[in-house]
Amino acid sequence: MKRIAVLTTGGDAPGMNPAIRSVVRYGINQKLEVMGVFRGWWGLINEELKVLDHRSVSGIINQGGTILKTARCAEFKTEEGMSRAYNTVKKYNIDGLVVIGGNGSFTAAHEFYKKYKVPVIGIPASIDNDVNGIDYTIGTDTAINTALDAIDKIRDTATSMERIFVVEVMGRNSGFIALTVALAGGCEDVIIPEKKLDLELICHDIVHGNLVGKMSWIIVVAEGAGKAEDIAKKITEITSLETRTVVLGHVQRGGRPTAVSRDLALHLGKSAVDCLLSGKTDIAVGLGGGKFAEIDFEVAIQKKELKIVNLFNLIRVLT
Amino acid sequence: MKRIAVLTTGGDAPGMNPAIRSVVRYGINQKLEVMGVFRGWWGLINEELKVLDHRSVSGIINQGGTILKTARCAEFKTEEGMSRAYNTVKKYNIDGLVVIGGNGSFTAAHEFYKKYKVPVIGIPASIDNDVNGIDYTIGTDTAINTALDAIDKIRDTATSMERIFVVEVMGRNSGFIALTVALAGGCEDVIIPEKKLDLELICHDIVHGNLVGKMSWIIVVAEGAGKAEDIAKKITEITSLETRTVVLGHVQRGGRPTAVSRDLALHLGKSAVDCLLSGKTDIAVGLGGGKFAEIDFEVAIQKKELKIVNLFNLIRVLT
Amino acid sequence: MKRIAVLTTGGDAPGMNPAIRSVVRYGINQKLEVMGVFRGWWGLINEELKVLDHRSVSGIINQGGTILKTARCAEFKTEEGMSRAYNTVKKYNIDGLVVIGGNGSFTAAHEFYKKYKVPVIGIPASIDNDVNGIDYTIGTDTAINTALDAIDKIRDTATSMERIFVVEVMGRNSGFIALTVALAGGCEDVIIPEKKLDLELICHDIVHGNLVGKMSWIIVVAEGAGKAEDIAKKITEITSLETRTVVLGHVQRGGRPTAVSRDLALHLGKSAVDCLLSGKTDIAVGLGGGKFAEIDFEVAIQKKELKIVNLFNLIRVLT
Amino acid sequence: MKRIAVLTTGGDAPGMNPAIRSVVRYGINQKLEVMGVFRGWWGLINEELKVLDHRSVSGIINQGGTILKTARCAEFKTEEGMSRAYNTVKKYNIDGLVVIGGNGSFTAAHEFYKKYKVPVIGIPASIDNDVNGIDYTIGTDTAINTALDAIDKIRDTATSMERIFVVEVMGRNSGFIALTVALAGGCEDVIIPEKKLDLELICHDIVHGNLVGKMSWIIVVAEGAGKAEDIAKKITEITSLETRTVVLGHVQRGGRPTAVSRDLALHLGKSAVDCLLSGKTDIAVGLGGGKFAEIDFEVAIQKKELKIVNLFNLIRVLT
């Protein structure tokens, strides 16, 4: 193995840059040449790539986003797209690929491997923490802290103006961020895709709370479980109480990665290169059960089940 | 003058707490008794108030929101509401009022003074910077930095994914926050209530920029100048480019006040008490032209004109 | 079991407040009465304690420090001190104790249990991460992020002025914080108590780096491995290059706890109460190997061994 | 005027980068070619400079430090150094210079102008706020907020452990930062170069405070007024109370510039170019009395007097 390539795909996540830094510098340390592919699969299809040296990744360890840029690429799902990507791999003598991204990225990587047998290792980076078999994806901790910071700020107004707030956080298929920030933010309730919404119960709690002097509420909702605005409207219908909404949105994607996101990224960059060097392929590296682990792509791309019952109950008990 | 009362009204703003701290402690230092009224005018109407001692304002200098809570109060606009409030003032022997709030709060305070001649001084606290004759209201600097922090984060994604973002910030009647953060955030364009929207021009810039390789855009819009979603839709219609939106909303209200917001609050708390002690009334204290000044409520509640031409041009030149 | 008491001892750590909140609210939920003891063991000796209700822990989830205050208490190490503490336990009918603190706190708790058989459970909270058998103590993640934030700032000056910096971080007996922030901060070298200092090697790297154009360096030193000032002096002696120092000190102790510190605290507060309710004692609860675990105090107070070789090498490879 | 050059000298300050961005982009907009000189005067002496285009200043608006790097340069104070710098100016056809820095930088610029009549405009950037006739230098607001953030964190420990802290902040000749953060941080006392230290008084307050139950103290000291460690020792000698120290040091220099620091930098960059274009020289641009102003270097480099009496008293009254 002489030359590898690294790319970032899917939504950007804070920590992708330190992951790139680690792949590049550790790769060079292991006598590899490392190429950076721009805009994910699109760059592989369109031959947008270049050799990255030690200095090219200076000063990025604390930067959000990705210097390699990222894109969603429908073309890579076609036979022609994949074939063109493979041509690039051959033309540039790329002996292995490191793909930094989430669930969707690994699905594509897995298909690419099955068809063309190019060695490929995945590094899980996605704020949604949506990679099965892995505790934490790169970026999740940063996104959670950003959302938590926002909730702490909203709490100031909720308390001062004695208002109900519905705060929508990221999580199309998963309530992971919602549950975590609801607990850490001391929020009164949480609505997630994994659990049937019982708005009557929430409203009952609010009305009952009001009677005993609890006037402010923050209800966190994962985007996959409903729109903040719809939920707020229903709460107002049922309780007759004014309800405000905040949709945190893309703010959660960016920013300086936290220590957890950076350290994870730096370790996994090295792991990915080590895997390629030892002939492994078709797997993601990650923290599983508190230890560094390797997970078959086939497993990693399965729907991740969230154990929520305890967490859900704890949030309600501590309110 | 032996006893004064302090209240916070309108939307909460970061820095209200240090302002309360200053009124209370400086008041006590000047041999006054200081009462805190809860929930703004509502508390004056409903006799919700109590004496605040030195210790009661400990540990709040760095807290957002207001320990006195705040509310909007329609009843105070009625003759009966005002009369009940005045009864409270008499019953508790309150010799002067300090009202911490924005434009609307001062309008109400002015009416109250005109009718009942209770000495009243305003401290401008409102994230909208909507008090005429005054450079900066308490809370504006904090809100601006919060919005700027969000824009820096959004920039990571805008750059990495090469996207157009429309970011809606606070400012129902004023483009002050929008202009300031657009400049400080290096944003490509800004849409404010004070200036007719020229969406054709913005779209022309985007399309032209795309041709020369500029792929990411952040357009800041003040809430009073349009909905982010509507503007994004139109941009997509005209340019055929995917456009994302973020509505920062209430996040901008809360959080630890910045040094500027705190120091302003602490100085103005003292100024307000000094004004009451020297027999002044019906005025707001504040920074005007870089110096501490006193502004008649009649002037303070006028619509504030924003000098925007230079700022607007600078934003576009520096992009 | 009807009544339990909670106290915080040793150095304060961010996350102690959410841990108190969890013990109190979950305890009440489990039909217990919960008393808060002030100033750690000192409060038990001197009968400084009171019943905490649901509302008494409102608004503290995002506050650093501890509302119960904390102190180091030599008297508790004497027979008389322990005996007086036990009298308080009897007098107030306290059926179990929750001790929030670090290594030293658990040593004292263990002695107390051995002598008086009062059920006692430890919650590991200490920025030093010095509790054996446990992955992370409450507060460590916050302290690490605070130190990392400082290092990112110092990097701006180190790069702009092309200087060498020696930055001293917390860690009297452990290089955990130093290693973690050195990796996450992209620091050039790290000096820890667990590894013999090879200043010649560091200086050789600096001189060699200078020759190839690398002009700025940040070397992290754990306080237990040397004084920043002494190390800086020696570097200047050997290399003749100006070297600056920063001692981060107590800044690392305070501040809003991160999501990791809060969630850990909230979970462990519940775990501690559950342990008491199920008759367990003389143990600490914590995350071990990524899972919630219970560790005998005898084990928890042993010196924690840090596996450093890989981490150490990774830091140097990625520089 | 066809070509200008920009350089940053002295200690780095957050906001230098947006100032560079503004000079470059506004300069280009005004049909000028803009060269960047590296490492301040040293780069002018050693011909280290290059043309900066629009893109060269992308993505730096929110970065601390300076992309042009900075240095202190003794050689520029010699006749030969100045002469070599002037040769570079002639060789590269530089028609005007923009110097971004503090008091010392402007002194050198003034000498250079007097000798060689090269048009030169200063932009005040220095965390010390040490430029006479100007309200605020670029970077001061950021440094103050960084110090304030640290003090808020230290407060958590001071309160929880009931300790006295002496916190040393920047300010060799000026108590500006110390006074501002002491007020905003709710600190109990402040020690500055402009006022004779009365340690007896401070200790008397501490002892008296202790008697009435006030157990925690934060005393801010400007570096020019004494070493934190010395002051802490004396306090312990007099009061017999344990006293801790924190020296904030270089952490205050770096980090994302605040909105105030950025907007000031962006405005002044434009102002500096406008001044050169209109034939002005030997002046600094800045905010004076709340308005944009031009100050002769001769005035700007005088010792800045701080009006402290009111501020000093307010800090003590509000404690």
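First chain written, first letter: the chains are A, B, C and D, and each begins at residue 1.
The criterion applied here is as follows: a contact is a pair of C-beta atoms (placed from the backbone, for glycine too) under 8 Å apart; a residue touches a chain by one contact, two chains touch by 3 or more.
These numbers were taken from a predicted model, which means no experiment stands behind them.
Novice: If you take the mean of the Cα atoms for each chain, which one ends up farthest from chain D?
Specialist: The chain farthest from chain D, judged by C-alpha centres, is A.
Novice: Once you find the CA centre of chain A and the CA centre of chain D, what distance in Å lies between them?
Specialist: 39
Novice: From the mean C-alpha coordinate of chain A to that of chain C, what's the distance rounded to whole Å?
Specialist: 28
Novice: Quick check: how many Å separate the C-alpha centres of chain A and chain B?
Specialist: 35
Novice: Of all residues in chain D, which are in touch with two or more distinct other chains?
Specialist: Residues 152, 155, 159.
Novice: Sort out which chains touch which and give me every pair.
Specialist: A-B, A-C, B-D, C-D
Novice: Inside the complex, what are the residues of chain A that reach chain B?
Specialist: Residue list for chain A touching chain B: 8, 11-12, 14, 16, 39, 63-66, 69-71, 146, 150, 152-157, 159-162, 165, 244-251, 253-255.
Novice: Using the touch definition up top, name the residues of chain C that touch chain A in the complex.
Specialist: For chain C paired with chain A, touching residues are 18, 21-22, 25-26, 29, 59, 61-62, 135, 141, 144-145, 148, 152, 155, 159, 180-181, 183-186, 256, 258-260, 262-263, 266-267, 270, 287, 289-291, 314, 317-319.
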